[in-house]
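Across the two complexes that follow, chain A remains constant while its partner is chain B and subsequently chain C.
Coming up: the complex of A and B.
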């Protein structure tokens, strides 16, 4: 077993599992740190002490915190995430219904991020001394500083109200029809992500372009797409991809606000409701599962990086 | 030729203002001088990559095979770089792309010449690697920069420079970053390749000994100007410029045990603060009023060489 861990990728995977475990513990503890008790919220102010205690037992949140944790972990191992306190529906089935919406939002966003940030970053690097470069610098700062709930409303006003290119809100499942509902929310998140990513890419390309091997390639007569891809872009991609993995993760948290603005029935909205109701099992389940998603995405970014740039290979 | 740093509209700062260099087919010419004398700038001008250093040719010509290249558009240069003129850049230890294999980089240089199948280009790459005397060619082709030693990287850079069979090879301090035993191997390799491939060679070095070993002719540069030029033998036996003499006596291999090395007094004149008159006078034992007063002298024939010293004849007497 320990021998296996010498393999870099497997070691990285083991790390990922450890992070997932920590995440589960945090999710369990954090929701219990928030004042308020699900039984009291459900039963209202009129309930007696005995009623609350009995109800807690029914919900499975009686006893000390360590004993609750023990039961929770034991159930998790069997694949049982528990039942929502509010709706009595299994957590897994709620997540199963809501997760696809959030996943689609994440994927659409990231595809859009790459599609926009890559050309923008390259252009900003190549033309950094022209008006375009300066406009990019200013534009990027303004965009990053704009909160998503504001840019979101602005975009709705522009694309859904002025020109009828997107619905104001709502969602309809099924690819590719769902893209019609998703592109505007994705664009809103990208209002923040694209400028940051493009600037990371821009500065790495600028840095790469002063490397000796770039000069050497020009001197050898390397030209055309080969030169741009092999000598400028590829050696500059590592920081961008690492950031992209991290961004994919932040999309999950942006999704909370975005799903409220655009009324998307994803995990984010469910999570906010669950926290409000102190729906312990549901909050734990969502935080843990979406956390797993984040861990998986960053792991994938590392793998892609190792493949594109041997210097960044996981060691 | 005259090359200046300078911004649009701003003050121009000359880096080179009186450099002359010419060579025939299959000839080997050395350029020697201290750091900052403009050796690398001159070579960059010959390959058309000056703009990347914020400099430009202000006046003068660059002729290659009868073709005027100074001020030529980028399109023309693309046909020259690699194909007609091979170039081994100065810090070529960092000259290989760290994310690509040696093979990818060599094949791309080779394939630039005419149409060639992948397989052919690969075979050619193996032949190139063997040509620069790297053992285990297959293994090295699959390696990336960080997996190779300094000497290996330098050999790969040489292979890339000669990949398209250029008529002229420019080697800018090709041995500076290497240890002494490997320096010798690399110099021998360059000499051998030059003969095998019938290339002309421009070898840049701050070390006169290196140039004496490899070249037929030498041009000495000081503060952006050619100060002496001629056959290697003549310059090393009877230098007619005090700077050449100083370079010669300060050579490490001429040192006498137990005695201090002879260093050239003072510091090299740096770009932007060249002295008036002959630029070498503050460090020159022969300097007199005329040296300080007149402008940088032009190259004049004396003995078997050309010298930019107004006391060239007096130097000849002194040597005897």
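Coming up: the complex of A and C.
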């Protein structure tokens, strides 16, 4: 068993599982932050003894703390994330219902990110000493510092109010009709994401271009697409992909605010509603699952990285 | 005492000279950052002070466009938007500074502690712990904590404190790993100083400068989180003037009165841009890239 861990990918996987376990601990501890008795907070002062006991059971806070944790872990492993206090629906089924919207938003965002950041980063690297390179630096600084809830409103003002290319808010399920509702929210997230990634790509292309194998390729007379992809872009992509994995957490974060601005009925909106309603189990479940999602995405980004750039192979 | 005074006297002038020297060391980016931040700070102090209008009270007909009487117009409750925008600047910047200062101290301390221990098991657990805490999407973790502690300014600050220390700890640990075998640390050990004293007086000051560099970029993030949660109605709530909350209120009039979001949003972004420019400029100076 321990010898298996010498395999780099398996060791990364083991680390990911360890982190997932700690995520579980954090999610479990979250409910401990409530000042006072959660059941009393939810029920008010006039609650009967029986109601309080029933609510404690619902929240999983009856019995000793070790036994609470044991039950929490056992339930999670079986896929039981508890029950929403508000609707009495299992947390997992609520998440399952709302997840597709968030996933569509994420996928649209990432596709758009790659489509925008790749050409922009390459152009910024090739023309970095011209006016374009300087404009790119300034523009990127401004865009990164603009909060999504402001840039989102600006983009609505521009594209939905002035030119009517997108709805102001709302959602309809079903591909490809949903893209009409998703492109503007995705663009808003990319307002922050693309400059960051394009900048990373730019600096790693600049770095790669001074490597000896690039010089060797030029001397051998490699030209055109083969040169740009194989010798310049591919070896430079690794830091960008790693950053994309790193920014997965940021995308998921911003998606929460974006869903509220554009009225998209995804997980973010569910979470904000749950926070407003003090729906503790639902909050706990979504926080844990979002952490798990990021751990998974980071792991995948590491794997892709190893494939793209042999120098960065997981060790 | 009298002997000391002539030495103290020129200190004020010396300090001024020192300021000028610091300014000369800055590059264009960081100078712009300083200018923008100074402008916002001066306006946020002077505008609410000089204006006869109170940020909370009705002054004139609601939803007026910007005019000579009201530079930024009036909002949906007939309040002076100019005064509100800069009263909000004060609150937002103060909250963000509060939000940054606690995690930097806690995180640096914990990170230094973790960096100087030589226990293998502790190191593994530590890595997992920090990785797990930073794996949560930032805003979702803050929302989760706010849900438990309470959706108000206090809850928001507690949530920021709990969720933001890990990055500082990570930086501090990396730096103190390099420092724990340094000669001046060994010297302190030979002198027989206690572990705690070596940690706090000898290692932490050296770790702090790097943590401060990160704090600037963290400041941007925290001011966005404060605005973001208030925008969602889960942080600072109306009628308190706060940029995010003002954006949420103004959003309802987006179609007809866009200046209600343009002014608070512009100054929120400008603050973040100022800090970002300063951070980038300082980073390039410390790397020795220009000037």
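Here, the second predicted complex is superposed on the first by the 281 of 315 C-alpha atoms of A that agree within 3 Å, B and C clash if a C-alpha of one lies under 4 Å from a C-alpha of the other, contacts with A are read in each partner's own complex, and residues count from 1 in each chain.
Methods note: a residue touches a chain if its C-beta (ideal position, glycine included) is under 8 Å from a C-beta of that chain, and two chains touch if they have at least 3 such contacts.
Source: prediction; values computed, not measured.
Partners chain B and chain C, once the complexes are superposed on chain A, both fit on it without clashing.
Of the two partner chains placed by superposition, only chain B is touched by A:308; chain C is not. After overlaying the two complexes on the shared chain, residue contacts for A:144 are found with chain C alone; chain B is out of touch. Ranking chain B and chain C by residues of chain A touched puts C first. Once the two complexes are laid over each other on the shared chain, residue contacts for A:235 go to chain B alone; chain C is not touched. In the superposed model, A:223 lies in contact with chain B only, and not with chain C.
Of the two partner chains, chain C is the only one touched by A:253; chain B is not.
Once the two complexes are laid over each other on the shared chain, residue contacts for A:35 go to chain C alone; chain B is not touched. In the superposition on chain A, A:215 contacts chain B only, with no contact to chain C. Taken over all C-alpha pairs, chain B and chain C come no nearer than 19 Å in the superposed arrangement. In the superposition on chain A, none of the residues of chain A is touched both by chain B in one structure and by chain C in the other. The touching residues of chain C, when paired with chain A in their complex, are 127-129, 131-141, 143-151, 162, 220, 224, 227-228, 231-234, 244, 247, 251, 254-255, 258, 261, 265, 268-269, 272-273, 275-277, 280.
Interface of chain B with chain A (complex): residues 47, 49, 52, 78, 81-83, 87, 89, 91-92, 94-100, 104-105, 108-109, 112, 144-146, 157, 160-161, 163-164.
Residues 15, 18-19, 22-23, 25-26, 30-31, 33-35, 141-142, 144-150, 153-154, 156-157, 161, 249-250, 252-254, 256-257, 260-261, 271-272, 274-276, 278, 280, 283-284, 286-287, 290-291, 294-295, 298 of chain A are the ones touching chain C in the complex.
Within the complex, the chain A residues that touch chain B are 211-213, 215-223, 226, 230-231, 234-235, 308-311.
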